[in-house]
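Look at the two complexes coming up: chain A is in both, with chain B in one and chain C in the other.
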Partner chain A sequence: MDAEEHILRLSQDPEWADLTPIPQDDGPNPVVPIAYKPDFIETMDYFRAVYKANEFSPRALQLTHQAILLNPGNYTVWHFRRLILDALGIDLNEELNFMLGISERNPKNYQIWHHRRWIAEKLGTDAASKELEFTRRMLSLDAKNYHAWSHRQWVLQALGGWENELDYCHQLLEEDVFNNSAWNQRYFVVTRSPLLGGLEATRESEVKYTIEAILGNPGNESPWRYLRGLYKNDPKSWISDPQVSSVCLKVLSAEANHVFALSTLLDLLSHGFQANQEFRDAVDSLRPSNSDPADSDLAKTICSILRHVDPMRVNYWTWRKSKLPSAVSV
Partner chain B sequence: MESGRETVTQVEQWSVEDRVFRIYNMFASIPPGAQTTLLELQRDEHIKYLNEGLKQLGPSFVALDSSRPWLCYWIIHSMALLGESLDYELENNAIDFLNRCQDPNGGFGGGPGQMPHLATTYAAVNSIVTLGGQKALSSINRDKLYNFLLRMKDPSGAFRMHDAGEIDVRACYTAISVASILNILDDELVRGVGNFILSCQTYEGGIAGEPGSEAHGGYTFCGLAAMILINEVNHLDLAGLIDWVVFRQGVECGFQGRVNKLVDGCYSFWQGGVLALLQRIDLVTGEYLSLFDSGEEDSPGNSTSEGEDTDGISSGAEETCHFKNGEQQDASCSVNYTSSNHTRSLGNVETEPLFHSLALQQYILLCSQLENGGFRDKPGKPRDFYHTCYCLSGLSVCQHCCSKDYDSPSVPGQVLGPYPNLLEPVHPLYNVVLKQYREVREFFSRSRAKLN
Partner chain C sequence: MGELVVDKHVKYILSVEKRKDSFESVVLEHLRMNGAYWGLATLDLLGKLDALDSNEVIEWIMKCQHESGGFAGNIGHDPHMLYTLSAVQVLALFDKLNVLDADKVANYISGLQNEDGSFSGDEWGEVDSRFSYLAICCLSILHCLDKINMEKAVNYIASCKNVDGGFGCTPGGESHAGQIFCCVGALAITGSLHHVDKDLLGWWLCERQVKSGGLNGRPEKLPDVCYSWWVLSSLIMIDRVHWINKDKLVKFILNCQDTENGGISDRPEDAVDVYHTYFGVAGLSLLEYPGLKAIDPAHALPVDVVNRIFFQK
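Right after this comes the complex of A and B.
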């Protein structure tokens, strides 16, 4: 709407009289031809002219503005705009204001985020809080916007501002514990924040936090994967930490979705976890009445149960079963 | 954290489940004859929709004015999957138009006169490969394209989308894919890219666009395919990757792109393609078991067979394009197909894929397909060419993933709906139809680029 209202009438504007517009070289019979509106054709014809002439001028900057409003996906226009901004030494804080409305209308456009990263990089650490605030606003509109999260991670790593990030993750998970992007961000913070001391230092409190989330919603895949991630590259602790096996046992003994507890237990067993009778009983009680007789190998029994309770992945569980070492009997 | 309160994720998920299950319940309640009709692939309608798009697009497509080679690829590849070739004039028009998107210094832009971009280069090259023939294939300036790829390479080894553009796994895949299919992949292009992709595999098991981001179906396909193409797939945590991707198929029968996100038809290819690729990886050696070069290309005397060009100007390509090396491929096949060893490979190529193929076909045909042509993300959304392309690609992957040899007809039990639903098979590393893949390999093995 605003794009059409504010469109320049370039061909009638004396300011542009010196420039010869360049039409698009589509050829005589183009495929996928688009029925462009006249204002689009005019704007792009003049854009091609300033682009070809390498004209870094205020009017060219204004023209890129028009072109971006008409099609924010045109990366050539964005690129040229950055060259002009550089050449004219424009205050980039103003550029951020220009970006506001466009970003909200096109939250999944690669170009706006790339442009934003370019600006923030130039502004340096001063931009950190503004960029964190901006992504927070974009995430309040869509808490799983992939580009917004990537930008936020880049800001944290390049410009800083880690202080409240774990709280922010907590807040988002309080709002929606199924928000996997927030879990991923949490992992990003505990593994990369210079303030927290890394995975080793945070594991204990993180395990507690995650287990609470699992017990609240045992069918929520996100915290299960997060829990596994907390022991990445440390299978020894993964199988020896009693908190991990006991959360499996708790879920298996409750009325709940058992798929993730079973698959986690299967993973523990294949890494060498020794299950006691309590685990065997809990698993046995889940065997469907019409299934094969219990196997002496607990892992095989788990695969058989998963074939029943998780039929979408029947081939996967069959395959997992076929990969188990065959001679194990305890 | 209480389970009592409904969250945004739950509310949206339940609403989609509701729509999808309503369709499945309706389907279950009608007589078998009517069911067969509903499962029919509406070939004529799809072809009509695609043909019209190729000839004219409305003003709203201005948002895709920098993605016109993509529009070409989505449409032309969809037609090829349906076994439909373009008429002579339209084919010539397509070749001419794509050539106008080619930059004088290499690579293809989003439209005539736009900067070259890796994604549109991939789309243009795949379109041209799909069109096939001397005129189309020789329109690509491979020497210049190679230079463009080198210019897009970051010192880290990863690729940028365009001059001063963003670096991500998509850029890496599109660069490696075009270099591979055009037979210009060498050590210089490969250097460091594997390490970048490796750094994008997340704690969840899937692959993200950049290090630290969330595992995502599109990037997982790109990362895995690129790692196979550069022969470094065994560096990935494959067990973790498999576990992540099999869980992306949900109760709606289709795939989602990320954990706790909504089902979407386009992931039929991105995630289904990941599983089709994984099915051919030997987990012990990390070798990719190519079935695609079998047949005429590997017959004795073929120009790509051993001895003739294993060294020379593109020796790097010979080392990295393992799949085109007849010798290695035979060795891996013999390992895989002896029954005593078949559990070494991930999927048993001769039997079942690790996802639910019939369920996925059901989602594509009943939930994504529109009666009057085209496919959509999910019920309630409009059709578009992107989803048409990737729903059809995913459908083809489902229909053919169990075939021992891609040239032999698919096992009828693997095709949901009437047998004429059967689509052309694709080469899942590039997502071009197999027949055209074979032609381009043959073409560029005869006329190599003069590099260095």
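Right after this comes the complex of A and C.
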């Protein structure tokens, strides 16, 4: 369905002869003047006429279709379309079909997602599986589409359909473990799904899952932050859980990007974690040969290394170092 | 790389109509109010706002206002919070807020606050923390913040906070630099920055700087000039802007200029547009690039304009 093929020649159509088109008023001397194409001008002139007359008719509905094809971002046309759909009592499942092609061509258009939401709200729980399927399709085109994720979260909370969501997150992370949106959705599911029992109930299996992801790609920011999130409001368990400190140690002992392992260990130390000699040796081996002499304070040594391996954020690591309690060493 | 080609950018903004690529012009039509704000704010930051006749602009803006008090993106369109803030900001640039019935605009905005403290963008009810910012920024400029339930508004924004320190569009939504700007901006304006975990968010934000020096909006995304604004303004509001490498970011933005015809693009070698030209210049202003007016990170208006509004200076 191409926009070009669909253009009605309204001015030559007897069905539209009763309506006087209203031309665009761009004001006296446009600040951001706009050059319009002739078919756009004609469509919009007739749209303004039906809009002004509040004409809720099948031909007006058809006209909004045409105007949307020409400019899917025009929110006034979408608004008016909803008024017509309401007035004519159109089957909204048909409307969902109408939206498919437009959505795939304009995946980041606010109006399309908003319209979709309006329809799903009206259709109620029956729409849940259809909406989850639709967002899945959109996310297969762009797995980080912010609108699609936002819509999906709304569907889950308002209409349900949580059953397979954790599996879906897993599937997306299999495809791309760096996908922060999928990690965020995973957190959304374990904290909000009515079926899983919340963070406490899922922590054990989630920690295992996350550690595996970290060991696969130690430079991946998302699972490190996710791991921390699993201990939200429970810093004691975070410090005392040997799984957390040992993943740091494993990464530090491997040939890898060490930034997140070092920064996590730094956070642990700042919260009272007591590191043994094994940690000291692993950190010490990462000290660049030309850096400051080893500090008896492990946290300070870590900051010095981070200043070195992450020079873009040297000021941040310097600040972290300056914030460390000074009484520990000497 | 070179310097900021100020004169070329001014010429570019003033001649936007010359490029008649029909698709771009069609999709701009309904959001002309945003375009006006981006273009005029850029001119003001470059010290060239007087290149335009303000009376004609103001006349057009007032034709976009509805009965309800809200503004549309263009004449004959429906009102929306997005365009209402842009309209008020442009009037503020020209020192013409007095042509407004502030109460009327404020009533439109307060009417869009929901029971849970969130805001809808228009009568159709879409909710997003962006709209909380638009409402609060606009009411602040109009000295009408007392028209809304501030406590609920702030609590809703706080509920959009994530464990990484960032904010999303709704509770549970992924942290995104644009949403973070909106939430931190609204909290800054309402004196509620204690809801922000500044150190954690500051680290997340400075992690957005990639090798090229540019900033992205989420982990593993490409850098983009517009994020210079969203990330930098947030870092300034929480007092952590020194955590990024400013020199590299300046170079990245300057590399996105069209040095021949003016304008700034999202990434080097891409096509320029008004939106990225504004965010590039505004980003450089936050980085204290010489010759540019200073910009207020919360209200997204030049500091002299903000001083005029709040201190009659």
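One rule holds in what follows: the second predicted complex is superposed on the first by the 326 of 330 C-alpha atoms of A that agree within 3 Å, B and C clash if a C-alpha of one lies under 4 Å from a C-alpha of the other, contacts with A are read in each partner's own complex, and residues count from 1 in each chain.
Everything that follows uses one rule, which is that a residue touches a chain if its C-beta (ideal position, glycine included) is under 8 Å from a C-beta of that chain, and two chains touch if they have at least 3 such contacts.
Everything quoted here is computed from the prediction, not taken from an experiment.
Once the complexes are laid over each other on chain A, chain B and chain C cannot both fit and instead clash. Once the two complexes are overlaid on the shared chain, A:76 sits against chain B and chain C alike. Within the superposed three-chain model, A:174 lies in touch with chain B and out of touch with chain C [touch as defined at top].
When chain A is checked against chain B and against chain C, the one touching more of its residues turns out to be B.
Of the two partner chains placed by superposition, chain B and chain C are both touched by A:228. Of the two partner chains placed by the overlay, only chain B lies in contact with A:213; chain C stays clear of it. In summary, superposing the two complexes on chain A brings one listed stretch of chain B into steric overlap with chain C, and the stretch in question is 145-153; the others among 1-9, 19-27, 145-153 or 325-333 show no clashing C-alpha atoms. Shared contact residues of chain A with chain B and chain C: 22, 24-27, 29-37, 40, 48, 70-71, 73-76, 79, 82, 110, 114, 117, 144, 146, 149-150, 153-154, 178-181, 184, 187-188, 192, 221-222, 225, 228-229, 232, 312-313, 315-316, 319.
Residue ranges on chain C touching chain A, taken from their complex, read 16-17, 20, 22, 25-32, 35-36, 39-40, 52-53, 56-57, 59-60, 63, 72-78, 80, 122, 124, 126, 162-164, 168-170, 172-176, 202-203, 206-207, 209, 211, 218-221, 242-245, 248, 274. Residues 22, 24-27, 29-37, 40, 48, 70-76, 79, 82, 110, 113-114, 117, 143-144, 146, 149-150, 153-154, 157, 173-181, 184, 187-188, 192, 212-213, 216-217, 220-222, 225-226, 228-229, 232, 263, 311-316, 318-319, 322-323 of chain A are the ones that touch chain B when the two sit in their complex.
Across the complex, chain A meets chain C through its residues 22, 24-37, 40, 48, 51, 70-71, 73-76, 79, 82, 110, 114, 117-118, 144, 146, 149-150, 153-154, 178-181, 184-185, 187-188, 191-192, 221-222, 225, 228-229, 232, 312-313, 315-316, 319. Against chain A, the residues of chain B that register as touching in their complex are 1-3, 7-10, 53-59, 61-68, 71-72, 75, 89-90, 93-94, 96-97, 100, 109-115, 117, 161-166, 202-205, 209-210, 212-216, 242-244, 246-247, 249-251, 253, 258-261, 343, 346-347, 352-356, 359.
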